[in-house]
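Letters A, B, C, D, E and F name the chains as they come in the text, with residue numbers starting at 1 for each one.
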Amino acid sequence: MDRDGLKRILNQALREDVGRGDLTLAFTQDKKVAAQIKVKQSGILAGCDEVLQLFKQHQIKCENHFKDGDKIKKNDVVFELNGLSHNILLLERTVLNILSVMSGIATVTQKFVDKAGKTKVAATRKTHPLLRLLEKKAVFIGGGLTHRMGLDDMVIIKDNHLKLFENITCAVDAAKEDPYHKIEVEVTSKEQAFEAAIAGADIIMLDNMTPAKIKGVIKLLEKEGVRGNVLLEASGGITLDNLKDYAKSGVDIISTSALTMAPGVDFSLKFL
Amino acid sequence: MDRDGLKRILNQALREDVGRGDLTLAFTQDKKVAAQIKVKQSGILAGCDEVLQLFKQHQIKCENHFKDGDKIKKNDVVFELNGLSHNILLLERTVLNILSVMSGIATVTQKFVDKAGKTKVAATRKTHPLLRLLEKKAVFIGGGLTHRMGLDDMVIIKDNHLKLFENITCAVDAAKEDPYHKIEVEVTSKEQAFEAAIAGADIIMLDNMTPAKIKGVIKLLEKEGVRGNVLLEASGGITLDNLKDYAKSGVDIISTSALTMAPGVDFSLKFL
Amino acid sequence: MDRDGLKRILNQALREDVGRGDLTLAFTQDKKVAAQIKVKQSGILAGCDEVLQLFKQHQIKCENHFKDGDKIKKNDVVFELNGLSHNILLLERTVLNILSVMSGIATVTQKFVDKAGKTKVAATRKTHPLLRLLEKKAVFIGGGLTHRMGLDDMVIIKDNHLKLFENITCAVDAAKEDPYHKIEVEVTSKEQAFEAAIAGADIIMLDNMTPAKIKGVIKLLEKEGVRGNVLLEASGGITLDNLKDYAKSGVDIISTSALTMAPGVDFSLKFL
Amino acid sequence: MDRDGLKRILNQALREDVGRGDLTLAFTQDKKVAAQIKVKQSGILAGCDEVLQLFKQHQIKCENHFKDGDKIKKNDVVFELNGLSHNILLLERTVLNILSVMSGIATVTQKFVDKAGKTKVAATRKTHPLLRLLEKKAVFIGGGLTHRMGLDDMVIIKDNHLKLFENITCAVDAAKEDPYHKIEVEVTSKEQAFEAAIAGADIIMLDNMTPAKIKGVIKLLEKEGVRGNVLLEASGGITLDNLKDYAKSGVDIISTSALTMAPGVDFSLKFL
Amino acid sequence: MDRDGLKRILNQALREDVGRGDLTLAFTQDKKVAAQIKVKQSGILAGCDEVLQLFKQHQIKCENHFKDGDKIKKNDVVFELNGLSHNILLLERTVLNILSVMSGIATVTQKFVDKAGKTKVAATRKTHPLLRLLEKKAVFIGGGLTHRMGLDDMVIIKDNHLKLFENITCAVDAAKEDPYHKIEVEVTSKEQAFEAAIAGADIIMLDNMTPAKIKGVIKLLEKEGVRGNVLLEASGGITLDNLKDYAKSGVDIISTSALTMAPGVDFSLKFL
Amino acid sequence: MDRDGLKRILNQALREDVGRGDLTLAFTQDKKVAAQIKVKQSGILAGCDEVLQLFKQHQIKCENHFKDGDKIKKNDVVFELNGLSHNILLLERTVLNILSVMSGIATVTQKFVDKAGKTKVAATRKTHPLLRLLEKKAVFIGGGLTHRMGLDDMVIIKDNHLKLFENITCAVDAAKEDPYHKIEVEVTSKEQAFEAAIAGADIIMLDNMTPAKIKGVIKLLEKEGVRGNVLLEASGGITLDNLKDYAKSGVDIISTSALTMAPGVDFSLKFL
């Protein structure tokens, strides 16, 4: 994201919390203070860039003892702050919410990535409205693939699209007019997967298939000599519990909304 | 929220997904279609207003079989759509994400509310950045209190603020200069709670206290004859599992970020 | 107001005046100059923060000999400026207009406050469109209460609302579901005032009552032993001329749109 | 102003008042109502277009019995409304504030225009920040000239500019390079006025001169045979009280900030 | 582009022209009129959607006798309008400028496409700032490929990037970590082209090569058996005059900024 | 243009190119680099201010060897840059496009100005949508007149306006009510030109007249003794080829859209 874009999102977040001005600060003396941001549970840190930028914009000196992607554990002092108390209190909740959401996603992503071994793990477009860039960035920090950022980012032909075409082959042929974007096709059977591979899809999304069914697809593609032409992506109902089975099925990529819908990691800010 | 404000948030969400335009639709024939949005798990519906407004803005006829706050169960057809396929596909993911996030929050809120009995349940400001209005609205739909919408919405004197004052009494006295807003004080001991009650706080937030400790606070306030002057709000570490104990402690309100950090409810959109 | 919000309003004001660029400067040599901003009549200064921020954004050094809330008198040099002539001329009118409007309000407010004695003086929502935050801030600088910032800032039940309820009691009962905001009720008779007090209103607005009628209300509330439960706010037709009578009536707060509709205080900017 | 621009200003005004949503409406039943907007004092109506557009955007039927520029007198029913009570209450204050500010300006402008006879009356750039377009429009409705809308609207060479040039003649010569804009020069003596006229200024602003001094300027220009080449604009310290004397001095235009700094005209909105 | 995005660009264009309001219309009677938009030279029409949307937003009935992509010739009546004269005059220049720019691009694009035969023709990112979406859309309407919409749209490794890597192979290997985007490499020699093909680039951009040099590249790739693995794109210094030679060289795609830097097609709007 | 306005346009241009972030940089090492921007053809430089501001905002040190309005020739090093490679690559295309468009316009403008001798050369409102301010600024840098910036910038009565009036005299009389703006009338015959001159137009636009026809107009105006009262502007179909004939016709100003529709000047950015 361009800097100006990030700055606008951060300021929108701050404005959302501050509204017409902090009522509690209105009658409170301002003074120079030192403060710490601690993490209250273990995880992977994400949101550092965002938080540092917010503090800098508001004249708060911020030293970060960790950086995006670092492991952090309960009670680690992640940031040390120096500045005017009012400025710090104005940013407190916005900063903690950004850290919580982004670190939550990075933490869960890393768990998926570790467990998936050499199979890649990718996010989906099931993100919180308005937060896609921040959430996908957290996935990246956690070691996952960000996948499609939006409808303009690659071609994915899904079940609803197929109802507008005669068949997969026609759809892929039409898409191939544009040589600059990869083409992914969502399929629900091995026959569809085979048709997509023959038609020239770059990636085939195996939608809501069991690991066993996925193995059947792979066997067919190998038999027909087209396995090497395509990447296979498993999607739908994949959790940390069943992840290993999917990874062992032989797919290249596992995509799941569990990454961006991850629970937050708790942080707190205390004046010293 | 004013209509123009809601419209801007919805359009920002849509723009985030559509970007420079849907690449898959670029080579796809448009036609008139009928479609259904089904829910894939049970819960409380929220996000209806938002979704209906988005569809209306894009010339899609949308009939809703349920309304905000209604119970919905797996496979219920929540909306029936009629319109051009391209318009529907352009909105699909944005609409499903809004429904998922908001219904997830309403669903969890209602579980807390049901279990808390006559004790009220409130959200906190731990919301996803940029989504506070939508998330608090979902809490309201689920039967919870929205609590403070932002720093400008009432006075809450927390531990960090107290480091800027001699004591609670001074802080409350200063705050009382403004007769138009309620004053809440966050405390960690029964002595602080008593001081806050005497000083004239409207609400006392009992921060990270066990139900047993809360009972001690209440006993002291009753003994001193000031229990009736204040509302007591328990906050910190309260989950569905320990909620009953907190409710039985005698507090008036339980506030928790579990409401706005709720997992999503899954919906799907299919052409007929 | 958050800084980013203030910055946007100031830049919007500047843009309004500058438009596509200053035509007079297009053919004028730029040079380093010193300049002074003088006030042309006595009053209370407001708008300092805003003006200092605008100058800073445009690389103009600005020394302020007075600060917000200070008394200033005719011909006082309020600011001394050093910078490029074009930058100063570009800001001149915008800066003078902000000072004029805000100081005008602070000046009138202080007159009301001085005359009202221990009765508090508050603004209303009759402000110039788009300027509410700046105008309410000027009221605060002048020593007044800002009152409700907008419809989301507290509950006020007015005559039009009451037409949607059976009676005041029902309306207040409904409002009390939300424990986080104060409830004010607008009344036009002592009977209504009594009903509101009994129902649990925090503040009662005595709308367009004479001082004599207000005394009647107070006598009734005292007789019934509920005077101490509520704050009384007189509103409607109160001017500097009749202010003393209202203050002596025994109300707690006097609110008037005369503050935010105050005439401006004149300032001028001259190159040395 | 283009429609989109007006719409944005109106919505910004509405958003300023509504904020995160009307708290009082949150617990109030909505129903279809009829309502009236009455004026509480005599004046000239302005703001009709703006108010009609706001009501239309919010599905409120609005019949206007008067139009911009019409005389209205105390208790006239200016608008009759039909719609949902919540929609009307949401807009109430914003609409009344727009009517009050704009009608106040139109009313005062018309008084000046009536009294000035055949001398034209013009506004200045001393307007409320962000409201220049609305305020200048109200001046126009009241029969006044809007004068320069901003720094990009014509060339005005003032005292501070002259400090950057050798003399008036040099400044006007430089300005004349651009044949598409009129050139006005601010002067404080008859010698300066004569120099400006000879140099080719289109309009000469006689700054803070008494009517007597203005007559001296005119006599000189007539004697030198250049009176017909320029328009003369008197500015500075002109009020309704001394207006006649200025009008009789022989100037072509009188400009004053009294128009845009006019007090408001009061309106009220009542449900029937 | 999403509708809301297009609407914002069109309104920004209109606002740019209208500014604070049309001065000429201020004293002009409004009436219902019929008008025509004629084209003054032959070409391919583009901009229809945009113009129809602008007219619709401003209550002007617009019948279009041609649609995007249609051939139009001198004096063809392209649109017939009915509406209020003021509305039409307010939009006139904005509408004509959009038609001129977009049709100019579509017209030149089609000339390139016609002449290039089966070789594809693509635009570049050399577009007018702020107009990329409209200009690329016009290229598409003229039959060209839009190529990369921005830096986020695919991976292109250019000479400056290569200075940050050991060699092409390293750069392509790094890029291949992301399986969802195509990889293009810019090369200036047949050796580089071969390295890129072996490394796994999807597309190779032959930068500023003569048709003869391009043939040498193709011969090498064929000899090495990797011609079928990559698409070849010629770029740099290609005009309508030398286009045929490039097309005959055997490349798959020719990209040129001549499309988006095309001269405009003239249109005029006349009241009947 | 005010600084904030320029900053917003530049950032909008950058955002358009960067979108959700540069995909190629995502896997590329960042390092400190030196780079040069060279021009690939001769011309007049424009866009310096814009480019310097963009580099400054992104922490890139930029030394400029030329300034706006300077002659530059093929291979001149115009800017030398030092900074982080990622920052430079992020800005590269946006910066080059701004330089190309603005320098192209300045270059062509200067050719017209040189050839027109003492006749002035002016732009029109046929500009690229959204780029009017940048394009008119480039015209100014090239030595041309910017003419009307928008519909609010002066009064021009054109053929379509005249259909709403009885005759030119009526239209000019109505326009003269506003003494602050110049009045231009577009005419197509010498009779109309004479009527406009008598009516008091400041400037007469001779629309699509041949040089011979223009001479006829001038002869008539001279004979009637009104040539000195008006400026004459020739417009329509004027190119570099026929410019001399128009200049010799005796008009004061030649206006043409050829300035703002000029082809770009090519620049390139290379790491050293």
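We adopt the following convention: a contact is a pair of C-beta atoms (placed from the backbone, for glycine too) under 8 Å apart; a residue touches a chain by one contact, two chains touch by 3 or more.
The structure presented is a predicted model; accordingly, all values stated were derived computationally and were not measured.
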Task: Greatest separation from chain A - chain, by CA centre - done: D
Open item on the list: For chain A versus chain D, what separation do you get between their C-alpha means, in angstrom?
Closed with: 53
TODO: Express in whole angstrom the distance between the two chain centres, defined as the mean CA positions of chain D and chain F.
DONE: 33
Open item on the list: For chain A versus chain C, what separation do you get between their C-alpha means, in angstrom?
Closed with: 46
TODO: Return the residues of chain B touching two or more other chains; collapse runs of consecutive numbers into ranges.
DONE: 18-21, 90, 133, 149-150, 152-154, 178, 181
Open item on the list: Is the chain-to-chain touch network here best called a line, a ring, a star, complete, or other?
Closed with: complete
Task: Footprint of chain A on chain B - complex, ascending - done: 9, 12-13, 16-31, 33, 35, 85, 89-90, 92-94, 96-98, 100-101, 125-134, 149-161, 163-165, 171, 174-175, 177-178, 181, 257, 261, 263-264, 269-271
Task: chain C partner contacts - residues on chain A that touch it in the complex - done: 11, 14-15, 18, 20-21, 58, 90
Open item on the list: Taking the touch rule as given, give the residues of chain F at its contact with chain D in the complex, in rising order.
Closed with: 120, 145, 147-149, 152-154, 178-182, 184, 203, 231, 252-253
TODO: In the complex, go through chain A and note every residue touching chain D.
DONE: 19-20
TODO: Mind listing the chain E positions that touch chain B in their complex?
DONE: 1-5, 133, 149-150, 153
